[in-house]
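In this document, chain identifiers A, B and C correspond to the written order of the chains, with residue numbering beginning at 1 in each.
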Amino acid sequence: MLVQILNGLVYGGLLYIVSVGLVLIFGLRRIVNFAHGSLFMLGAYVGFSVAVMGGFWGAILAAAIVLALVGALLDITILQPLQREDPIVTVLVTFGLLLILEDFAQFVWGKDFLKMPVPSMFSGSVLIVGESFPVYRLVVIAVAALVALGLSVWLRVSKIGLYVRASSADPLTTAMQGVNTDRVSVIVVALGAALAGISGTISAPLLALSPSMGSYILIESFIVVVVGGLGSFAGAFIAAIAIGQVHNLGLVYVPWAATMIPFLLMVAVLIWRPTGIAGSHV
Amino acid sequence: MAETCAIEGDQLTRQFGGFRALKGVDLAVPRGEIRGLIGPNGAGKSTLIDVLSGRAPRWSGTVKMFGADIGAMTAQQRRRAGLARSFQRTNIFPDLTVIDQLELAARAAETPNIDEIMAELNLAALAFRRAADISYGDQRRLDLALALIGRPKILLLDEPAAGLSIKESLELAHGLKDLAARWGVTVLLVEHDMDVVFSICDRITVLHLGAILAEGTPEEIRGVPEVVTAYLGTSL
Amino acid sequence: MTDILATKPTVTRPPPPRPALALASAIGAFAIGALIAATIQSNLMMTLLTQAIISGILATGVGFLMRQNGAVSFGHAAFYGIACYAIALAMKFGAIRVEVAIMLALVLPTALAFLLGLVIVRIPGVAFSMLTLAVGQAFYEFAMKARQVTGGEDGFSVNLSSTVFGIPTAIFQDPHSMFVVSWSVLVLIILGLALTAASPFGRLTVAIRENEERARFIGYETTLPRVLVLTLSAFVTAVAGVLFTLYNSFVSPDVLHWSLSGSALIMAIIGGPRLIWGPALGAIIFFFAKDIAGDFTEHWQGIIGAILIVVMLVLPVGLGGALAKLWQRRLGHG
């Protein structure tokens, strides 16, 4: 039973890291990045390729840097210029980007499923309350916890973090405070993208790599941020953990309906608070 | 009060977050009166209009229209019952033509006659223009026209003269007074423009920090020292 | 304000559009369809066109929702796919007639859209789009996982009887005749939607799209009209699903995948969603572009992604919209 819960935490942790990137970008730019799942996918592939030469840490570092650059580029070329348009324009443009990135991944790495081995330093299992549990999965949980902790500290302590929180609550007034919104947003979007990439890399040994993994995680992360409250960091954390558990327990006990459950949760939340997701809070 | 008031609010309270925008406001506007609602920024004037018109969630108290409790009615229902409002920030249909949106309002109000309103508010010449393309002043009048279609019994106006020139504001004000008299409309008017307020209102309610500070005829209000201090500042 | 004593001239309205004109256009359109089928010999080309038209109907459904509600759906394949599976499963498991299965295939997605709509239509803009993506994929995942019922990833052949509504099934499976059938259905649908859009209901929903709040404050209920638009849009999409199943006699989870929803959306955008016939034009362009691109490259997905971005940034009214504007300008200059 404990193993089931831990497995749920693994998936929840991965979901959290990728979803919180979505929240960061939404909180600042008020748009939903439909290419976010593709950033996760790129992170997994970049990590896969770099791991061969650079090892696990090299893979994570490479994914973080590459995706941060992609994120910065995304902000400068797409998000900022489209800031004044209807948000749906950005959605559709990032959707177009999703298609391009998926095609790109297929071109570079092929359509077949790739498997990344668990890094040797984290291979093997430990005994937890009498049951065997892979070390690597514990590492994933630890990384997710670190990211959550690090982010909440950063949001409360740093100047940029303060700005992100303020902007999430009230973008108009915050923009009028004279802070260089554009420079800050490049950093924040780059961070959001990097987080998606890192999540992709650390998930690679656990999931099968394919160009379509991006769209799958995108939908899952949408459910997380909708259930958690679009723009809410704490909400994303709680929702990711919850959905991770539901996802896992569902797979074990009702596999044929497992994928419907998060969706039902999403609809239930929306019935209860239909406009709650449009509001934002940190 | 022997005669039922057109619109009445009893102990209206509205709170969001920790902030109380309205603290137990009592308001009663008799039939046919033009009541001004003034007060400094943040006094709760727009909030009061929102509560009366059904735009504000989470409020407490009672709202009555001609003696009947309308608190449970949605904004749509209140409009159909004859309680119309205009908006501080122009709230029109940008892509529709002037005539199309007036006809839309007319259908809801179950009246065929929009020519009357277009004439009253000088919109006839703009009938086939897209609302987004007309001037700000024209848009303000369109916003007002949408509220006036169907000759509502009660009109709640939230700064109808906002952004208009002095001349336009006074023209609007006197036109309103004239119209209200002819149609027998009860008006509650939120305004910052003191010339407008003092020239057309029968009585004035002064709101400050969510509560009523004073209430009376324009002359009476002019003399209340708290009002002068809290709001008016300069002599009138 | 004007002097009330002076006489007020009433504003003269332009003459109302004549229904005869609409009917004439429809008949003309039917004729064009028959002409195309008669002229083009190549079965390959005809197959392409038929698929384009069926997808055009799907795109029309997506586009209508965009036009009337201003809502962008990434999940319309759900309505399409449910219609497909309804026929397929009804023929597989029930001893019912294919005509009843078709009725079921039209009713189920429409009813689902209505019920779903009651919940989701009030959800604003982008959140709505996110939700439609998730809903659509939920159905896809279900079809993939429920192997016993749906055959899972592989899909299965559909047992159609020898006639459908008295018409030999072969008519629905031959590219030339099916083109005429699909084209005619498309014309009827466009006519129907155009009439709906021009009706007071249609104009109300556009107003709600523009300013939902003010629509309420002038006295309108704003939820039900939007739900009805979603329902109608789902119905149109279900019709496409029925045609697809009749034509291909095969169903697989692909009919529920987000990529189908996305393609339909892109077709609507390329063609221009403001026009009722825009999405269908977009579908034809899409299919031809895909066919041509397929000769040169395998990167169609990347290409269509790029095309979407370009159209969004450069020509948001779509090609149909641009054509319509040009035509109007020519008329204006006599």
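We take it that a residue touches a chain if its C-beta (ideal position, glycine included) is under 8 Å from a C-beta of that chain, and two chains touch if they have at least 3 such contacts.
The model shown is predicted, which means the values in this text are computed figures rather than measured ones.
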item: Central chain (distance from its CA mean to the mean of all protein CA atoms); value: C
item: Pair exhibiting more inter-chain C-beta contacts, A-C or B-C; value: A-C
item: Farthest-lying chain, centroid of Cα atoms versus that of chain B; value: A
item: Intercentroid distance (Cα basis), chain B paired with chain A, Å; value: 48
item: Averaged-CA centre spacing for the pair chain C and chain A, given as whole angstrom; value: 33
item: Chain B-chain C separation of Cα centroids, rounded to whole Å; value: 44
item: Touching residues on chain A, where the partner in the complex is chain C; value: 31-32, 86-89, 91-93, 95-100, 102-104, 106-107, 215, 218-219, 222-223, 226, 230, 255-260, 262-263, 266-267, 270-271, 274-275, 277-278
item: In the complex with chain B, residue positions of chain C that touch it; value: 1-2, 4, 8-11, 13, 200, 203-204, 206-207, 210-211, 213-222
item: In the complex with chain C, residue positions of chain B that touch it; value: 53, 55, 74-76, 79-80, 84-85, 87, 91-96, 99-101, 104-105, 107-109, 115-116, 118-122, 124, 127, 146-147, 149, 171-172, 174-175, 178-179, 182
item: Touching residues on chain C, where the partner in the complex is chain A; value: 72, 74, 119-120, 122-127, 129-131, 133-135, 137-138, 141-142, 145-146, 258, 262, 265, 269, 299-309, 312-313, 316
